[in-house]
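Structures incoming, each one as structure tokens.
Two complexes, one shared chain (chain A), two partners (chain B, chain C).
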Partner chain A sequence: MKRVLSGRSVDRVVTVATVGLAAAVVLADAGVPHIDIVEPFLTNQVLIHFNTDANRAYTVQRCTSFVPSSNGVTAVWSNIVHVPAQPFNDHFVAVDTNKTLPVRFYRLMVTPQ
Partner chain B sequence: MSRFLLTLGLMFGSGLAYACDLCAVYNTEANGGSARGLTLSIAEQYIPYKTVQLNGEELPPSILDEAFVDSSITHLVPTWNFSDRFGLSLNVPYVHKQFFRFQRTGTGVFTESGTESGLGDMSLIARFTAFQRAGENSSLFVNLLGGVKFPTGDADRVAEEVETTRELDSIYGPGHQHAFGGVHLRDLALGSGSWDGVFGVTANSRWKRLLFNAQFQYYLRTPGESDYEYGDEWMLSGGPGVYLFLREEFSLSLQALVVYDDMQPDTVLGRENLNTGMEAFYLGPQINLTIGTHFSANVGLDIPLEIDNQRLQNVPDWRLHGGLSWRF
Partner chain C sequence: MKLRLILSALFIAAGVQVASTQGFVSNLDTAQEAHNGGAGRTGSGQVYLYLTGSTLSISNGAYSGLSGTVTAAHIHGPAAPGANASVLYFLSSPAGFIAAGGTSGAITGGNLTLVDGTGGISLANQLSQLTSGQWYINIHTTTFGSGEIRGQITLVPEPTTAAVLLLGAGCAGLMLRRRQQAN
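After this line comes the complex of A and B, so read on.
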């Protein structure tokens, strides 16, 4: 499992941050699993769009803050959506239904890498 | 003997018993088609849907293989024959479905297992024998069938299908493939909630010990529960056979049957339901039995030769069908 921030998606972080939300992205490598879009949905909910490759399971995780620590940055991530592996490519949209968080960071975890 | 042959001719035009309303009626015609009075028949179709296909291709092993539906439909069919040409059948199906499935939602993929059981959609079918000729060495019968299927079965699962589609449309946008796995909510419904038309033509012929049957069926679907509309369906089936025994008190025949089944896609929220619609060819044996002029039975197995389904669906592994009929 690789957890690498994607520079390509920073634009989206900025965009989404304007509505009080933020997205972090996990990529196995460039062009492979990543969050496509993070967008507001209904009242204070969030949609997280991502493509899924065949035979890979995906988990969308959320973090509400990063805290500086002796190891660098510490964060607590919680799973919000898990997508089991399918034998074909697909597109998935996860809904973060938590309506109270002012700021959120997301990452996408994939197994196997 | 001629009366026996007349009965037999009508009978084995009625031997098919697939998962359809008319097939159950064919079964009940078996021993009573040529005589006035009551005939009671019971027909069963058992179909395991364990094979998941994407656009007609079987998928490699995956978690999706865990999803299945085992479908059993038992039809009780009382028939009243007003004459040798005209009869009326009431088809009362009892449906039992055992399943395990996945459901995509905005907050993940969930699993669901259980059973759905109960009364299915009843239908009333009329038969008119348009042509009949029976001799010692040959016979030919042509029947016309038509009727109505009533919305007597529980269609709650159809309502769920519509509601889930509406919710996922709001997330994905209309037209996206929402399925996760090949078993869908509409597959679990006991009824459609719709009034449908049922039409059919059967032709049954015999020459000495050889026989050939052909059936055409058409199901005209209308919008039902939550305006969901199952796709129209038509079937063409038939094949040659031979009487292994042919006596007045006992007959036994063996047939090879080819079935073509075309199910059009369903309509949900005014557009095509992407994971529905299927074209299938089956081939299999059928055994038909009569004892005297009161009792008949048949059993057959349909083995898929090719199933071309749209998008992601579980398709039949095989279809087992059979029936017993008694003319009072």
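After this line comes the complex of A and C, so read on.
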């Protein structure tokens, strides 16, 4: 798990890479943004499971490529799903329906920290 | 007289034995998801569960009419109706009681062992939460990632347990009354 601080609007980011879609069943500690499971679903779809804390909004992003840049390599991220803040803890299961990508990377952004 | 005493003791013992298994039901519907917002939820379901010691047996059940395909199903807690909580136990993969991939289906029976410390909750507190209706079953779908149908798990009094206990108590009472009359 990689934890990155990135800008003011996005305080905590967790990145999970999926190569071959190996799944691990590990529930997160409370308060730490964490993708619990990444698993294949139906035909070439992917499920991303994560817990959500009260009063925090979550966005799941997907990266399909890394491009060379002056800083070395830059990843291009796109939003899959946004989960608005709720007044209680919960669990969310997001679906990535992009069926054409053999390798995908996912990250979970949390606002506020 | 001794025979009656033995019979009463046996009936009460049998009642206590039956009472060590508690029955539960979870009636899943969209109304219990209302506090999560978002229109368009459809479907319903029902699951029966039995608790013996720390083993929660998923007896049978079914769900149908969902607007999206099932992605996951869990037992969440602790939370009262109208509030949510984190996942405690999986009912879908890898547990396998509820299969992902359909809008309706049967719930496969099997045993789920409650583990001390799950969700940071002691086993004693888990049992207390379960029997006091603070756990719920949630079925997540492709259209509702936070859950499309939900059912609070509620304790069902066993009619046979109550009947056996009543019979045992009745025999004991009758025996006492006759003894008093004889005196």
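Structural remarks
Definition applied: the second predicted complex is superposed on the first by the 83 of 113 C-alpha atoms of A that agree within 3 Å, B and C clash if a C-alpha of one lies under 4 Å from a C-alpha of the other, contacts with A are read in each partner's own complex, and residues count from 1 in each chain.
The criterion applied here is as follows: a contact is a pair of C-beta atoms (placed from the backbone, for glycine too) under 8 Å apart; a residue touches a chain by one contact, two chains touch by 3 or more.
These numbers were taken from a predicted model, which means no experiment stands behind them.
Annotation: superposed three-chain arrangement on chain A; chain B versus chain C shows a clash. Of the two partner chains, neither chain B nor chain C is touched by A:99. Of the two partner chains placed by superposition, only chain C is touched by A:51; chain B is not.
Of the two partner chains placed by the overlay, chain B and chain C both lie in contact with A:86. Once the two complexes are laid over each other on the shared chain, residue contacts for A:41 go to chain B and to chain C alike.
With the contact threshold set out at the top, residues 41, 47, 81, 83, 86, 88, 90-95 of chain A are in contact with chain B in one structure and with chain C in the other. The touching residues of chain C, when paired with chain A in their complex, are 36, 69, 71-72, 74, 76, 79, 83-87, 90, 93-94, 100-101, 119-120, 138, 140, 142, 145-146. Against chain B, in their complex, chain A makes its touches with residues 41, 47, 55, 80-88, 90-95, 97. Touching chain C in their complex are the following residues of chain A: 25, 27, 30, 39, 41-42, 47, 49, 51, 81, 83, 86, 88-95. On the chain B side of its complex with chain A, the touching residues are 54, 59-64, 102, 104, 106-109, 171-172, 176-177, 180.
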